[in-house]
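Shared between the two complexes below is subunit A, which has subunit B as its partner in the first and subunit C in the second.
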Partner chain A sequence: MTAPVPAPSVESSGRRSDVLLRLRRNRGAMVGAAIIGLIVLAAIFAPLIVPETPSKTAYLSRLDGRCCPGSSAAHWFGLDELGRDVFSRVVFGARVSLLVAVVSVAIGLAFGVALGAAAGYFGGAVDSAIMRFIDIMLAFPSFLFAIGLVALLGPGLWQIMIAIGVSNVPIFARLLRGSMLGVRQTPYVASARVLGLPARRVLLVHMLPNAISPVIVAATLAMATAIIETAGLGFLGLGTADPARPEWGVMLANTTRYLQTAPHLAFFPGIAIVITVLGFNLLGDGLREAIDPKLS
Partner chain B sequence: MLRFALKRLLLAVPVLIGVSLLVFAWTRALPGGPAQALLGERATPAAVAAVERNYGLDRPILVQYGKYMSRVATGDLGRSITSRRAITTELKDRFPATVELALSAMFFAVAAGIPLGVVAAKHARKAIDHISLVGSLLGISMPVFFLALILKWAFAVKLGWLPSIGRLDVKLKLDRHTNFLVLDAIIGRNGTALVDALKHLVLPAVALGTIPLAIIARITRTAVLEVMTEDFVRTARAKGMSQRIVNRRHVLPNALLPVTTVIGLQTGLLLSGAILTETVFAWGGMGTWIFDAVAKRDYAVLQGGILFIVIVFVIVNLLVDIGYALIDPRIRLR
Partner chain C sequence: MALLDIEGLTVRFRTLRGEVHAVNGVTLSVDEGETVALVGESGSGKSVTALAVLGLLAPTATIAAGSIRSAGRELVGLPGAKMREVRGRAISMVFQDPMTSLNPLMTIGAQIREVLDAHTDLRGRAAKQRVVELIEQVGIPDAERRSFQYPHQFSGGMRQRAMIAVAIACKPRLLIADEPTTALDVTMQAQILGLLASLIAEYRMGLLLITHDLGVVAGTCETTNVMYGGRIVETGTTREIFRSPTHPYTRGLLGSIPTMGGERKVKLTAIDGQPPVLRSTPQGCTFEARCANRIERCVVEVPSLDPVGDDTGSMVHAAACFNPWPSARDGGVA
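This part shows the complex of A and B:
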């Protein structure tokens, strides 16, 4: 039989509501949440918002040999070099960026949390082995690591998500391990161990929920980085090649040839990236301040 | 202090061995191979086998790794399969280009970021502070290649004030001693080349330096605000010192401790993270070199180039740690 050790969960639920309250009062975080909310809605309802499918080309009928007409009533963001509606492509591009951000961070979290928790909980040789592996991964700048993985796996959406996700693993693992080491010394964890609770319960119920906060903040900020890295990979020609699935970085890469005659082609996808990344950065910063009020 | 530095140096050795192993395994796992990339349409099985035999790629992978590492230990990083030049010779051309760009970017970031952070802290929670915070957030949220494109469009295409690509006007002659073009122009007392090299540096350096600028400004602001509430600052003020002297003697030196760490870490990142900036400005540095090597499956360049970047990254981090321990003795005791 195992006796319950309720203290930390009661304490942490109270702490959680405090954090949520502080987060709601943080103007920057709320602006960030609103931006993300709007972009998520735009991504979900993209087919209803845009005037035409993003892959519809009309080179001959619309461009008349000139690249590329700017804003007009029919095409708010103008047309690209193949006569495609830039507004439709920018709105649909949100789908890829958000998908990569969420899935890659989830991949990073799954492996990073598992490694960090194991290192922090077991300590000793397990900790040393995991941390040396993490050190090796951290020796690579994350974007270079992602490029290497995409080169290995080949271009494609899943490959990009895996590459960015794996490059996040050492960051989450190291952060959680540090936090777990702190939590390991607390009296409630000591009591849970003395009471003979199984290791899994001590780890999952008592340690992890109390050590995960910095990782949540890092995950929110990692979504911003993931969007920038996805666009960066696309810009280098390692993005998705599917014309029906526009991606902001690929759109930017295609515009470099037309910078002199049609700068608007670079402007709109670029601004879309900045606004989305800004949303995640604002929310991440707000979350960090809500979790550690001393920072504000 | 020496013990601390030696300990950190020893800890870096297994990391570097692990990195070399990982990079080697990665290059061998890449789809396609240098023989196919080199031969292109002429890649018959016999021709591929001949190229692989010639470069020793037909041997067991552990034998290849052992041979490679024994050569690396003597300073021989191999020869590029596509350009046929020694990697060390290529590095002498490429590395200074990236270092020149990274250092200029960091100079811009520090020169603008620290004063911006100090001014924001001095006017905390006022309009200037809010503007600086929003500016920093925008800086952090801006992809470097997008900013590079905007700068290129505005200052090179539209206004025509600055060159848009390369490191030096092709018509200019400059004796290259170090391959740091600004330094070479100074050594050769070539004023025209110096002005031209500096003009070529402005846009890439500003584009690459914007993210570190934003980070440095934010860290400086937080650090200055934190130090301003310390007891020793209050004591200095109570002793009748003017605010200016207190700021110069007590606040800034203490606030710059965390800033120096960030500067060091960001410099390491800039050295290796210049790939996108180099692509936009056709800057012949490490970034574009390694990126081309991925497409061409040039194993020697990938192994040597990435290993070199990681070694530099690890050394810069090591120097940051040692520098920080020098400034703050408490670090050594941990």
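This part shows the complex of A and C:
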């Protein structure tokens, strides 16, 4: 045998860290991450930030027959029709929105990944059966689907999270299935089989991690959609009725009657939704570019 | 007992336009320490033969006839779990493209490790040591550090070495190499072939080398099987086949290789036409349509693999042709 050729020395620890590196260089993604970070902090430390509990009403003493006072030193975002501090309610609203975003996407991922992985791994009849089911779910616009589910399950935070989560299932499942089909054809999967590795290992270690990237990106973007849909459900009167748990969509819905006289009531929760969604979208797009270097 | 004994292997694929007869009655064997070549152009059924050995044919394929024995054990019809014990342990395989044959998200060390996990009792420190040992053995310097690197940090040749390390991790008795050097540049090819040869010698493995490159065959294999249209059309010692090819297809293959320092005026000959798509059971010889030596019999009858010249049944050299070129043994011109 000839003498071995010295290997080029490359000092980097893998593809995952390359993705992180590209993500860190992406300005949009970093802005998005910063926005989400701030909102997460606000949600966690809400009781320390706000001047008063969001459910404290004082319409007799504060409103004085006028609806509704705008910004002041004591109440930065003004007061709503029941004399509640809007700033406190917007900050607390972040809790609900983030919770819904995370939990509903987690529900969607749990079922979507399981279905998509099964379809893409087994192929054939299993694939056909799963995908026809997914097609049926996709035939409904996802928001309509969520409205239907909430109407069925009744209003409440959990119901909303389940409804939005389930409406995400077909999207994740189809995305993963397509990507699994591609990965299934790769030589490294063939090679894993040739080497006699157990089927479970081929699926979980060789196929899934290589197929999951587009689903991660979609999940980030789905968090933004989940926030909008929660707000939408709240606006349609299908939101959380709990006054101690203010939600941006419900706040928007309650202000419609005062839009002429007190537009700030709609403005602040509206802006909160826009900024949060923007944050998730920026991060999701950045993630997509980082994972697929061909895009940048 | 041969490490691998394929007898009369027939593989069919169901397709929308009917059955495709990908492999028709292939018979070959590989002994301990022996290197056997399976040569042919794309679509001749070489890779399908290899996949059949490992029980990894596509679901649309069926083994219609024949037997595949590994050290006496019948592999055709072996249930999935038993077959998995054979794969990677008794028989292992190296693929063509080193750039995509390794999982991009796992370190080289982890990929060797998981084969050890699946087939041996080596764990912990012992397994780690064996990983480094294997990486060293395939000629990758700085083995310990390299074991923590990912495939994209390896060059093409180094990846093929790593792939070989994965394949031989459990000391398989038989290694199937499907075009192992095709994706590499020429200098790298020689190194990889040298590495394979030294590993065969060391482990007393058998090697089934699948290739379309007769240059690769000439330097490495003792026995050569030429495959065309799902059949073995000529078989024999590599020396015999190169010295006096008798099947028109083999001659065509050899005639299409440029030689260094040969006469300038010798033209490279191409084989006209396309390889057949084996839709229906072929009536005559599969090469008939492209053959210059065709006689009437070729169209109606399938030639069997018969000894060439004065070789009486020892199969030192056999060809499936009704009108072969004269063998050097017959005193003919080769």
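Methods note: the second predicted complex is superposed on the first by the 283 of 296 C-alpha atoms of A that agree within 3 Å, B and C clash if a C-alpha of one lies under 4 Å from a C-alpha of the other, contacts with A are read in each partner's own complex, and residues count from 1 in each chain.
Assume contacts are C-beta pairs under 8 Å (C-beta built on N, C-alpha and C of every residue); 3 or more make two chains touch, one makes a residue touch a chain.
Note that this is a predicted model, so its numbers are computed, not measured.
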What is the contact status of A:A224 with respect to subunit B (first) and subunit C (second): first, second, both, or neither? first
One more residue to check, A:S191. First (subunit B), second (subunit C), both or neither? second
Counting only touches as set out at the top, which of subunit B and subunit C does A:A272 meet: first, second, both, neither? neither
Figure out whether A:L152 sits in contact with subunit B (first) or subunit C (second), or with both, or with neither. first
Could you tell me if A:G124 is touching subunit B, subunit C, both of them or neither one (first, second, both, neither)? second
Just subunit B (first), just subunit C (second), both, or neither: which does A:H206 touch? second
Give me the intersection of subunit A's contacts with subunit B and its contacts with subunit C, in residue numbers. none
Subunit C residues touching subunit A - in the complex, by the definition given at the top: 54, 56, 59, 84-89, 92-93, 95-97, 100-107, 114-115, 118-119, 139-142, 146, 149-150, 152-155, 157-158, 163, 166-167, 190-191, 194-195, 198
How about subunit A: which of its residues touch subunit B in the complex? 132-133, 135-136, 139-141, 143-144, 147-148, 151-152, 154, 224, 228, 231-232, 235-236, 249, 252, 255-256, 259-260, 263, 266, 270, 273-274, 277-278, 281-282, 285, 295
Per the touch rule above, subunit A residues touching subunit C in the complex are 1-2, 4-8, 10, 12-16, 124, 186-188, 190-198, 201, 205-206, 209-210
Subunit B residues touching subunit A - in the complex, by the definition given at the top: 14-16, 18-19, 22, 26, 29-31, 137-138, 140-146, 149-150, 152-153, 157, 222, 268-269, 272-273, 275-276, 279-280, 290-291, 294, 306, 309-310, 313-314
